[in-house]
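You will see subunit A twice below: alongside subunit B first, and alongside subunit C after that.
And then the complex of A and B:
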């Protein structure tokens, strides 16, 4: 169990900046998800926390102790890799044992921990199997057991679920979080899947191009995105983003007009599909568009519209809604739920005018 | 077609038509035989005929002087070979040369592969350069190594000269000639071994090395648990291949040492050559070549029994 602090950590490969001056505090016992598209620096950051890679600048602290130059094993981290990597030709038992091979623990303690982990993850029947003889889910559990026997100060998970099929991923998500909460060990989980991030994380750190865009609880990230990037990356179906201009107390984009209280200038209006509705095509101050597709999700449906510029917009509607491709419609955002982003991509800290 | 529901089955006449046409077609086996025929004929010409002819020769006493005569001699040739002291000496030379060659080739090949598996500046160029020795003809390599090992022009003498010592070294002497041959042989074969091992190494996920680092496996353990498993099968295959190639190597030895000095480097292939073509005792030479064949088959079989059975191809 540990509190982890990254102070002005930076990673460069020649001219390429993988991680740009990152400050990050991971609270003891929390499940932190690092979310971002590939190449955003999240795995590099994880490697630096693990000690597999050393920062070009900055320090890393575990419980206030500088571990920047300490080797992975001495930091007592445990890592679960993509596709739940195990030594391919060693049995599950020997894979788990290899975690404790170079520790000073007495044999009885090693045996106790292994038995405990095996029982917890229900691995008894497959201890003598090779990883190649097991399913993806079983391998995942074996890799987890291998990680927990060390009783590490932190679990590092690098997209461990990404190679699994959807149904399995769903069940393993809650299994992992449940285990982490029971053990109370700090965990850092790297993923590019926003659903995983939202469902698993106590907090989410959103990264983009080597920079930390925002860190906060799933609720904060979803409802108060700090930037256009965060707003666009989280949420399914994704947020509608409409480029326009603020002038005379109104955001305008073509015919669309939303009353706002903000300084004039170019801006982007963001509205989630559930906060927009379809309006009559002739109604004023709405965005005219044509129906492009209709997706049934069961509990609701998503209408995908295409405006004159070819931009796709999404609106959540009742499952009974019917429309044909090519129908004319208009999008009317709910002004009280709209967000505004400035030209620099940051959210404008403004209250939107109460809609009449 | 019947398995796809919803599809209308073709009308019966069509069906029958198709079947009558099929009877005129060749079966798969016949077709394979037909297209394989040229290769089979070629193999009979270049492998079968010489093989049978040499069996025939080994069972005959062949005399050239005073007119060519071949008289049936039964297993006499095979018996005389066993009484030939030179044969036993050559067998020992062959085994020594083969063991040294195989060990050197495999160790060198593995080291080159491990080196090339690292990220290198100009990696492509270095790979090409390292692969080149395999492309050099054994004749050329033989001349080069003779030149390097000889006392006047040799590497040893040059190094001593650089150190200011006025002396010569001659590695072409009876005591070290086999080592010179083995080094030269390994120099030509190791690049190929390295390339195949390198291909295996490339299949290892780099994250497995990270896992080993987190488990704090030592360099030896990491090699044993991460690096070695995927290359073991290739190591076995190439140990077998280099064993065979070393045992039947001739041209390189012929050019480099000519079996000498004396008979110091007269391997079995060289001995077969000497008996058959220098002494024109073709029957005895043929019989000896079959003992070489038995040695090759025996040693590869032994390799398989001791090692290969445990290995699974990837």
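And then the complex of A and C:
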């Protein structure tokens, strides 16, 4: 268990900047998810925390101790890799044992830890199987057991669920979080899947192009995105982003007009599908469009509209809603839930004018 | 499982005849008496198993059932020495090849470093060269170095063939192994520990096949042996046998010798066939 601090950590490969000056504090016992598209530097950051990669600049502290130059094994980290990598030629039992091979623990303690981990992850019937003889979910549990017998200072998980099918991912998500909370071990989980990030993380660190865009609780990230990138990356169905301009106390984009209190200039209006409604085509201050598709989600439906410029807009509607492709409609955002982003991609701190 | 139709059976039979028939013809000849060999049409099956030739080539006289004594072959000494030399050369070449190639192939397959492609091409160039092209230079060099006519010289030459060829084969095999290196570092394995305790056991089929190939290469090598060691005390079995062609031809002795020659590779292939079959799959372990 440990508190982890990254201070002004940087990683360069020649001219390429993989991670740009990063400051990050991970609280003891926290489940931190690092979220971002591929190539954003999240895995590089994880590797630096593990000690598999050394930063080009900056320091890493575990519980206040500088571990920047310490090897992975000596940092006592445990890592679960993509596709739950195990040694393919060893049985589950030997795979788990290999985690403790290079430690000075007495044999009785090793045996106790292994028995405990095997019991927790219900691996008894599989101990003598090879990884190739097990299902994806079983391999995942074996890789987790291999990680927890170390009683590590931190768990590092590098997209461990990405190769599994959807149903299995769903059940393993809660299983992993539940285990982490019971053990109370700090965990860093890397993923590009925003649903995984939202459901598993105590906090989420969103990264893009080597930079930390925002760090916060799932609620903060979702409801108060710091930038256009974060707003667009999180949420399913995704947020509608409408480019336009602020002038005379109003955000305008074509016929659409939303009252705002912000300095004039180009801006982007963001509104989540649940905060927009369909309006009559003729009504003023809405965005005219045609119905492009209707997606049924069961509890609700998503209407996908296409405006004249070909931009797709999404609106959540009642499941009983009916529309035909090509029908005329208009999008009316709820002004009290709209967000504004400036030309630099950052969210404008200024509040929207509350509609009377 | 694939369905086996009549065509598949037919093709398999054809292939079997193609590969087995010449071997059968040769083995059969080893059991014939000189009189039977000169018969026409030749007997397809030996009427009795006459093992005199095997005794003769190994230096023993043998008395046939009818009381005739068949004398030991005059070349028995050559054959015996060739057998011993061949075993020595093949075993040493196999061991040295593995010691060099396993780390070499691992480094080329799994690590990134400067001039990697250039160095790899340098290693593999030797596979593309026909051995004959280096025959004269090697001979000239070995005469000066006093390595001509020695087992050491032959081992060195064999290594120039086996190392690049086996490296080429193993690099491809190592590339397909799952990426366990980072996991190994977390578990506290050193680079050497990863190679010897994880990669080699994971790749045991590939390493076994590499050993077989090196062994067979050295065992069968004829061209260099003919030029560098033939007629000396370092003679190997294939060149010793070729002597039967020229001096006082004795077909049954020649055949008996060849049977002795193909026996060890045959046994090796038989005991390692499981690994060879596994090697042919693109994805080795997963």
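As a working rule, the second predicted complex is superposed on the first by the 356 of 356 C-alpha atoms of A that agree within 3 Å, B and C clash if a C-alpha of one lies under 4 Å from a C-alpha of the other, contacts with A are read in each partner's own complex, and residues count from 1 in each chain.
Criterion: contacts are C-beta pairs under 8 Å (C-beta built on N, C-alpha and C of every residue); 3 or more make two chains touch, one makes a residue touch a chain.
Because the structure is a prediction, the values reported are computed rather than measured.
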Simultaneous placement of subunit C and subunit B on subunit A, clash or fit: clash
Partner chain in contact with A:255 - subunit B first, subunit C second, else both or neither: neither
Touching partner for A:87 - first (subunit B), second (subunit C), both, neither: both
Touching partner for A:71 - first (subunit B), second (subunit C), both, neither: both
Partner chain(s) touched by A:50 [first = subunit B, second = subunit C, both, neither]: both
First, second, both or neither for A:132, with subunit B first and subunit C second: second
Touching both subunit C and subunit B, counted on subunit A across the two superposed complexes: 47, 50, 52, 71-73, 77-79, 81, 85-89, 98-99, 101-102
Footprint of subunit C on subunit A - complex, ascending: 47, 50, 52, 71-73, 77-79, 81, 85-89, 98-99, 101-103, 132
Of all residues in subunit B, those that touch subunit A in their complex: 205, 207-208, 210-211, 213-217, 221, 225-226, 229
Partner subunit B, residues of subunit A touching it in the complex: 47, 50-52, 71-73, 77-79, 81-82, 85-90, 98-99, 101-102, 158
Touching residues (chain side subunit C, partner subunit A) in the complex: 177-180, 182-183, 185-189, 198, 201-202, 204, 285-286
